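Heads up, the next two complexes both have subunit A, just with different partners, subunit B and then subunit C.
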Partner chain A sequence: MNNRQPLFRVVKKNQVDGRKVILSYLIAVAVALVLGAALLALMKVNPLDFYSKMITLGIPGNRYPARSVEGFIRLFVPLLLVSVALSLSFRMRFWNVGGEGQFIVGAICAAAAAFLLGDVLPTPLVLLAMVVSAALGGGLMGTIASALKVRYGTSETLMTLMLNYIALYLLRFFGETQGAWNIFLTDDSARPRFETFPDSAQMPTIEIGSFSLDVSLLVVVVLCVLVYIYLKYTKHGYEIAVVGDSPNTARYAGMKVGRVVMRTVFISAALVGLAGGFYVSSAGALSTSVTNNVGWTGVIVAWMAKLSPVGIAVTSVLITVLQYGCQVASTTYPNIDSNFANLLQGMILFAVLTADFTARYSLVWRGANKEVSA
Partner chain B sequence: MSAMNVLTLFLFNIVVYNIPLLYGTVGEIITEKTGSLNLGVEGTMAVGAIFGYLAGCYTNSLLVGLLVSFLAAGACGLLFAVLTVSLQANQNVTGLTITTFGTGLYFFVGKGLGSDWPGMQGSSALVNGFAPLEIPVLSRIPVVGKVLFSQNVLVYLGIVIAVAAWFYLSRTRVGLRVRAIGENPAAADSVGVNLLLYKYVHLVLGAGIMGLGGFYMALNMGGSFEGSNCWINGYGWIAIALVIFANWNTVYAILGTLVFGFFNTLQIYSGSLANAFPGPLGWLSAIPSQLYQALPFIITAIVLVASSVRSKKLGGQPAALGLNYFREDR
Partner chain C sequence: MAERYAVEMKGICKRFGSVVANNQVNLTVKRGEILALLGENGSGKTTLMNMLSGIYKPDSGTISVDGTPVVINSPEDAKRLGIGMVHQHFKLVDTFSAADNIWLGVEKAGMLLKKDRYANIEEMTRRFGFDIDPRKLVCNMSVSEKQTLEIVKVLYYGAKLIILDEPTAVLTVQETEKLFAVLRRMRAEGHSIIIITHKLNEVLELSDRVAILRKGEYITTVDTATTDEQQLTEWMVGHKVTLNIDRPVVEKTRPLLELRDLTIRSDEGAVAIDQVSFYIRGGEILGVAGIAGCGQKELCEAIAGLRPIEGGKMIHKGENIVGLSPQAIIEKGIAMSFIPEDRLGMGLAPSMSITDNMILKNYKQGKGFFVDRQSGRTAAQQVIEDLGIVTPSTETPVRRLSGGNVQKVLLGREIKAGPNVIVTAYPVRGLDINSSYAIYEILNQQKRAGVGVLFVGEDLDVMMALCDKILVLCHGKVMGVVHANKTSKEELGLMMTGALDLTHKYEDKPAGIARDTLIAEEEEQ
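Presenting the complex of A and B:
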C-alpha cells in the first residue's frame, strides 16, 4: 500500500563518545541558562547581575562569608548523599522515588533516638544511636516497597510514591499534635512546636577561624567514596551491574535476583534515611519541611549524572549552587524568588535529556546508506 | 448553624473542593492508558492554573480561561511527549522534572507580576462563571438538591468529561487502539497503528484536561496568589493515587473523587460535624486530621498491594505502563 520509507529513522549508536557527551551536556546547560536569562530580562532583572550573584553565592560584599559557605554545605550534604543513594536503586532499574519518605522516616528515627537517649548517654553514643536508627528506619521504608516488588510484582514507583505521603503526614502528626506521649514537641510553648535537640545530639563541628565545618560533610564524602568502591570493586557491585543490565542473564548465572534487589534497595534507602538523620542533627531540630524536596531533586541529580558517583558529586555541587545561589540572589530582587532555581533546574534537565538523546541515538535520513548493525 | 446545614455544607464542599482531583485523574488515566506514566500532574496543573487564570482575567472570559489553561497544560504534555516518546528519555525523571519546572514557572509568573496581579473580583465573567448554577426543580430537593444540583458549571463539565472519556476509551475503535498501545506497543505497531501520533495526541489531551483542573483550583482559591503555597497544593499527587484507586476507569474516578474528597473535606469539617452530631459523630474530632489527609494514600497503597497479590497485575493497569517503546529494541 504505502511502502515509501519514512523521512528519517532513529538508530541507536553502537558506541558513545564520552567527550562528545560531556560537550553536549555543557551546551545543554548553556542553552538553559540563556533561556533563564531571557526570562529574567523579561522581568526587568539584569541577568548577568543575577547570575553572578548566584554563582558566587553572594559572597563578595557579604560581611559574613563563612555563613554563606555553611548554608551551602547544609544544602549540599543531603543532596549528595540522597543522590548517590538513589542511584544504587536506579542501577537495578528499581524506581525508588521514595526519597522523600525515607528521608523523613530517617529524620524521625534520629530525632526519637536523640530525645530518648540524649540526656542519658555520652555524645558519641547518642550520635551513633541516631545514625543507626535513621539508617534502619529509612532502610525499612525501602524494604516495604522492594519486598512487595520482589514477592508480588507491586509497582515500586507507585508504592514508594504513596509511602512518601504517608511518611509526610506522620511527621506532620508528630509536629502538630500535643500530648504527654509526644517526645518531639517542646513543653514550654502553647502552640505545638518541635523541641530542639539536646546538645549531645547535635552534629559536631570543626571550627576553622570564623567558619565552622559540619562534620557530616566529611562523613558523607567518605560514604560516597565507599559506595564508589562498593560498586566498582566488590562482588555485590558486580551483581548490581548484571541485574541492572539484564535480570534474566543474572538468573541464568545463578544469582538470586530478588535477594540482590532487596539488599541493594535496603542499602539505598538506608543511606537516604542516614541523610535525614545527619540533616536533623546538623539543624538541631525537626521541621515539617525537613526534606527541602531533596528526595525529588536527588532523582534528577542521579539521572543527570547518569548514575556515576563522580558525576553525581559534580552535579550535586552545581545544583546546590543553583538552589542556594538563587536563594541568595533573589533577596535582592523583590519580583524573583528562590523558586526560580526550580524553573532553571527544570530547563537544564530538559536540555540535558535532549543532549543525551543526541549522544545515544542518531538519525538516518531516507536514501542514506543503510548502516550495518553490529 | 443547624445540624442539617452543617451536614449539607459538608457534602456540598466534598464536591466543590475536590473536582480538580477528577480533572487531574481523568487526564492521567488518558495519559497512562497509552502506556506513559506522567508524574508531572502537579506541575502541569500549576501551569494550566496560572496561565488560564491570567488569560481569563485579562479577557474577562471564562471560556478563554478554560481554553488557555488547556493549551498551557497541553504544552507541558507536549514537552513530556517530545522527551519520552521521541527522545526516549526516562518517564519518571521527565515527569518529576515537569513538576519541578511547572511549580517553578507558577511562582516565577506570580511573583513577577507582583502588585500587578489581577484580582478575581475584577473579572465578572470568572466570578459569575464559577457561581453555583441551579438546575431547575432538582436543585430544590432538600440536601441532595444543594449538594448535586446547584454546583458551578465546571463541576458538571468535569463529570461530562469523565463520562465522555470512559466512552471514548472503552467503547470506540480509536480508544481500543489507545488501550492496545498501553498494553503492548510492539503488537499495536505491527498492525499499523500510528504510535507516534496516538501517543502525542493523548499525552497532550490528558495534560490539557489536568490543566482544566488547575484552572478550577485557581477559581476556587478566589484567584489570590499568596506566594508561599501553590494553588495545586498536592492535588496532582493525590490524582496519581486516585488513578490506581479508580482502576484506570474514568467513571470509577468520579466515585473515587468523592471517596478521597470525603476524607479531604472531613479533615476540615470533623470538628463542626462532631459538634453538630455529638452522639453519633462525636468521635470524629478525636481522630487526628493528618490521618484524614494520609488516608487517600494509605487506601491506595492497600489497593495497590491487594490487587498485585491477587493477580500479580492490576486489572486496569496497562501492561506497558512506564516503559518506553523503541522499535529497534524488539
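Presenting the complex of A and C:
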C-alpha cells in the first residue's frame, strides 16, 4: 500500500480565541526582539538600553522631550489617516494599493495651492484651499482606477499600483526640472531644490508650554471617529458592507453598485490625499520622499487591525513607536544607522504576521491522524 | 466464514472540528448489487463516500476490500483498489474531448497521445452499451452525457465499485430511466454500485438493499423488497411525517403579474427565455419546471429587474414594468428570492448579521443619513419567532446558520415586506424534509393571503403536490401550463425534454397564454 502523504497540511481553525491571538502576537514580538537583541549584542550595543530608548522614544534624559513627541506625531498622523482611509476601500474589497500615489498627488496639490495662494489670501483660507485641493487631487487619483473598474472591469490592484509610479515620477519631475513655470522650486538656488512654503501655508500649532501640538492631529482624530460612524451607522456604510460582502446581493437589493464603488473609493482616496496635504503643510516643504512609505505601511496596518477603526488606531500607535523609536535609538549609537531600524521593523512585522497565521491555522503533520485514531 | 463483501466499512468515525459527520457507521456492499445510501441532508452520506474514494480519511474504523483491510490515502489509492466515484459536480475539463478527459487520469499513459485512444474508448463504451462519442468536446455535451462520461471514466480505470452521488438530481425522467438501465447492466456484469439519493421512489425501483444514515449515525440496512416508502422515511427522519403537502383551495384573484412574449438573453448572449407568456393570479402557486439551466435563472432575474429584457412585456397590475430599476420593482411589491447552488450568492450578505440582512431591501426608508437598525432588529426577532429560526441571536452572521435557517431568513425577509408577487427559486434546495415542509407551509400561508407565488422547483413530486399549475420550460420556451392535479410525472418529463409541446399543439388555441387577461377590459367590467 502506498502510504505517501504530504508532510503537513494547513487546516483552518474553527474557533479563534481572541486572547490566544493577542498572546501569540506578544510572543511574536518577543521573538523578534530577542533576535534583534542578538544582532545588537553582536554590534556591541546593549540591547536593553537600545530597546528602552526605543520604547520611551528617547524622552527620559532628553533635553527637549517635546521635540520627540512632535516627531512622533509627525509620523503618526499620516499613518493613522492613510490606514483608516484605505480600510474604507478594503471593506468593499476594492484593493486600493495606490496610497503612495494618492498621498503624493494630495501633497502636490496642497503645495500648488500654497504657492499660488499663499501670498494672496489670509492663512485660514490658504489652509482651506490646500486641504480641499489635496483631497480632490487624491480623490481623482482613486477615481481613475475606480471608474476604469466600474466601466471596463479592469483590475484595481494593477491600476492603483501603476498610478503610484506615475505620481512618484511626476513629483520627481517637479523636483528636478527648473523653469519659470515650476512654482515648486526655489529661485535662490542654482541646483533644483523644493521651495519652502510661505508662512500662511504652515499647519498651525497649539503651544502647550514648550510643546507645540500640531492641529492636524486633532483634525485626523476627528476624521477617524467620523469614518467609524460613517461605516457603522450610516446608509452609505451599510451599502459598503453589502457591496463588500456580495456584489450580487447588493445589485439584487436595488443598490447601484458602480455608484457605491465610485463614491467610496473617492472618499478613501481623498482622505489619503488629505493626509498628504496635512503632511506637507506640517513639514513646510515638498520632498521626493514625502510619503515615507506610508501608503504601504497603511496597507499592513489596516490588515493587521482586521479593518477595525479602533484596531487601526492602536496598531498605528504601535507601528509608529516602532518606527520613530528605532530612529531615535539608533541615532544615539554611532555604529547603528537607521537601516537597523528598518531591519527590526521588518522582523517584528514578519513575526506578527506569522503569529497571525499560526493563530488562525494549524499544521497537521503526516501521521498525526494515526495518533488520533489509536 | 462470513459472507465476503466487495467492500466493508466498519465503525467509521469522522469529525470536522466539533461536528461529528459520521459516528460508528457500518456499510457493506456485495459484488453485483446496487446499494442505495439514504439520508437527509447533512446525515453524512457524502462524507462517508468521500472516505471510500480517498478524499477524506476516517478518524477511526476499518475499510476492507474483498475481505482485506486497506488504507485509502488518496483518490489514486481508491482507483487502484477499484473504487470510483461520480461526484455531484462533474470533474471534467470542458475544452477536452471525452477521450482526452478519460486519458487525463490514466496512469502510465506515456508521453505521446496515440490516435487509437479513440478506438479504444469507443470499443469500451460499446461493450457497456453507452451512447457516447469519444471525440465530442465536453463543453458541447448535455448534462446526462457528461454524467455518462464520468461513469465511463471510472469504468475505464477498472472500477469494480462505483459510487454515484445524487446522479438523478440533474436528469429528466427519461434520462433517469436510461441511467438506471445502464446501472442494471453494470450490476449484471458483477459491478457493485452505491447510489446516494434523496428520492425514495428511485431507491425502491433500483436498489437491492438500502442503508440509512441519520445525523451521522448508522440506522440500518434492509433489503429493498421488504420495505416501503413510509418505513424508509421514518428511518430517515426518525419519526413519522406526513408525506402529503397541503394544497389549500383559495379563491383566485385576477392576474397580478403577466408576461407577454418575453425574450431574455443569457450572460453568454444566447436566447435564454424565448417569447414566454404566462400569468400569475393572486392566491395561486404557479410552478416552473424544467431541466437545470433552461432559463429559470434568467427569468427570475428579469422579473426582479436585474437583467435587461430583449423584447416583450411584463405587466404588473396593469402597468408595464419592463425597464424599471430593481429598486422600483421591489417597491411595487414583487419579491424575488433565488437560492443558487452555493445557497448564499444572491439575496443575502453572508458575513452580515440577520438584522443587517433584514433591512437589505428597505434600509433606504426613513429619513436622514443613518441606518435604522432598531426596526431591523425587531423585524429579525419577529421572523425568528414566526419561522422558528434556530440562531444564537439576531446579530449572528447569516453564514454561521445552517442551510434551512439561512433560507428561512431569506424567505422571511421577503414575506415581511408584504409583497403581492413572490418569485422563489429552489427555496428548499438542499434542505431536509422537516425544513422543506416548513418552507412549503410559509408559501401556502402567502397563497392564502392572496399573494401570487411563482415557484421555480426541482422536485416534480413536490411541485405536483404544492402548486396549482405547473409551467414547463424547455430551452427557454414554454412547453405548456398544466393543472398540477391533472398531470403526471411522465407528461411533465416529456415536456421538460421537449418531446411534448402543449403550447404549439393546437395552433388556434395556444395553451398557457392568458388570453382573458387584458387587464384594461377586466377593469371596465
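Miscellaneous remarks
The rule is short, and it goes like this: the second predicted complex is superposed on the first by the 337 of 374 C-alpha atoms of A that agree within 3 Å, B and C clash if a C-alpha of one lies under 4 Å from a C-alpha of the other, contacts with A are read in each partner's own complex, and residues count from 1 in each chain.
Convention: a contact is a pair of C-beta atoms (placed from the backbone, for glycine too) under 8 Å apart; a residue touches a chain by one contact, two chains touch by 3 or more.
The structure presented is a predicted model; accordingly, all values stated were derived computationally and were not measured.
After overlaying the two complexes on the shared chain, residue contacts for A:Met162 are found with subunit B alone; subunit C is out of touch. Within the superposed three-chain model, A:Leu39 lies in touch with subunit B and out of touch with subunit C [touch as defined at top].
Of the two partner chains, subunit C is the only one that A:Ala253 touches; subunit B does not reach it. Applying the stated contact rule after C-alpha superposition, one finds that A:Phe8 touches neither subunit B nor subunit C. Once the two structures are overlaid, the count of subunit A residues touched is higher for B than for its counterpart among subunit B and subunit C. Shared contact residues on subunit A (touching subunit B in one structure, subunit C in the other): none found. By the touch criterion given at the top, residues 17-18, 57-60, 70-71, 73-74, 76-77, 80, 304, 306, 325-328, 330, 336, 344-352, 356, 359-361, 363-364, 369-371, 373 of subunit C touch subunit A in their complex.
Subunit A contributes residues 10-12, 39, 42-43, 95, 97, 148, 152-155, 157-159, 161-163, 165-166, 169-170, 172-173, 176-177, 296-297, 299-300, 303, 334-337, 339-347, 349-350, 353-354, 356-357, 360-361 to its touches with subunit B in the complex.
Looking at the complex, you find that subunit A touches subunit C at residues 1-5, 14-15, 233-239, 241-242, 245-246, 248-254, 369, 372-373. Those residues of subunit B whose C-beta lies close enough to touch subunit A in the complex are 37, 39, 79, 83, 87-90, 92-94, 96-108, 111-114, 227, 234, 237, 240-241, 244, 288-291, 293-294, 297-298, 300-301, 304-305, 308-309, 312-313, 317, 321-322, 326, 328.
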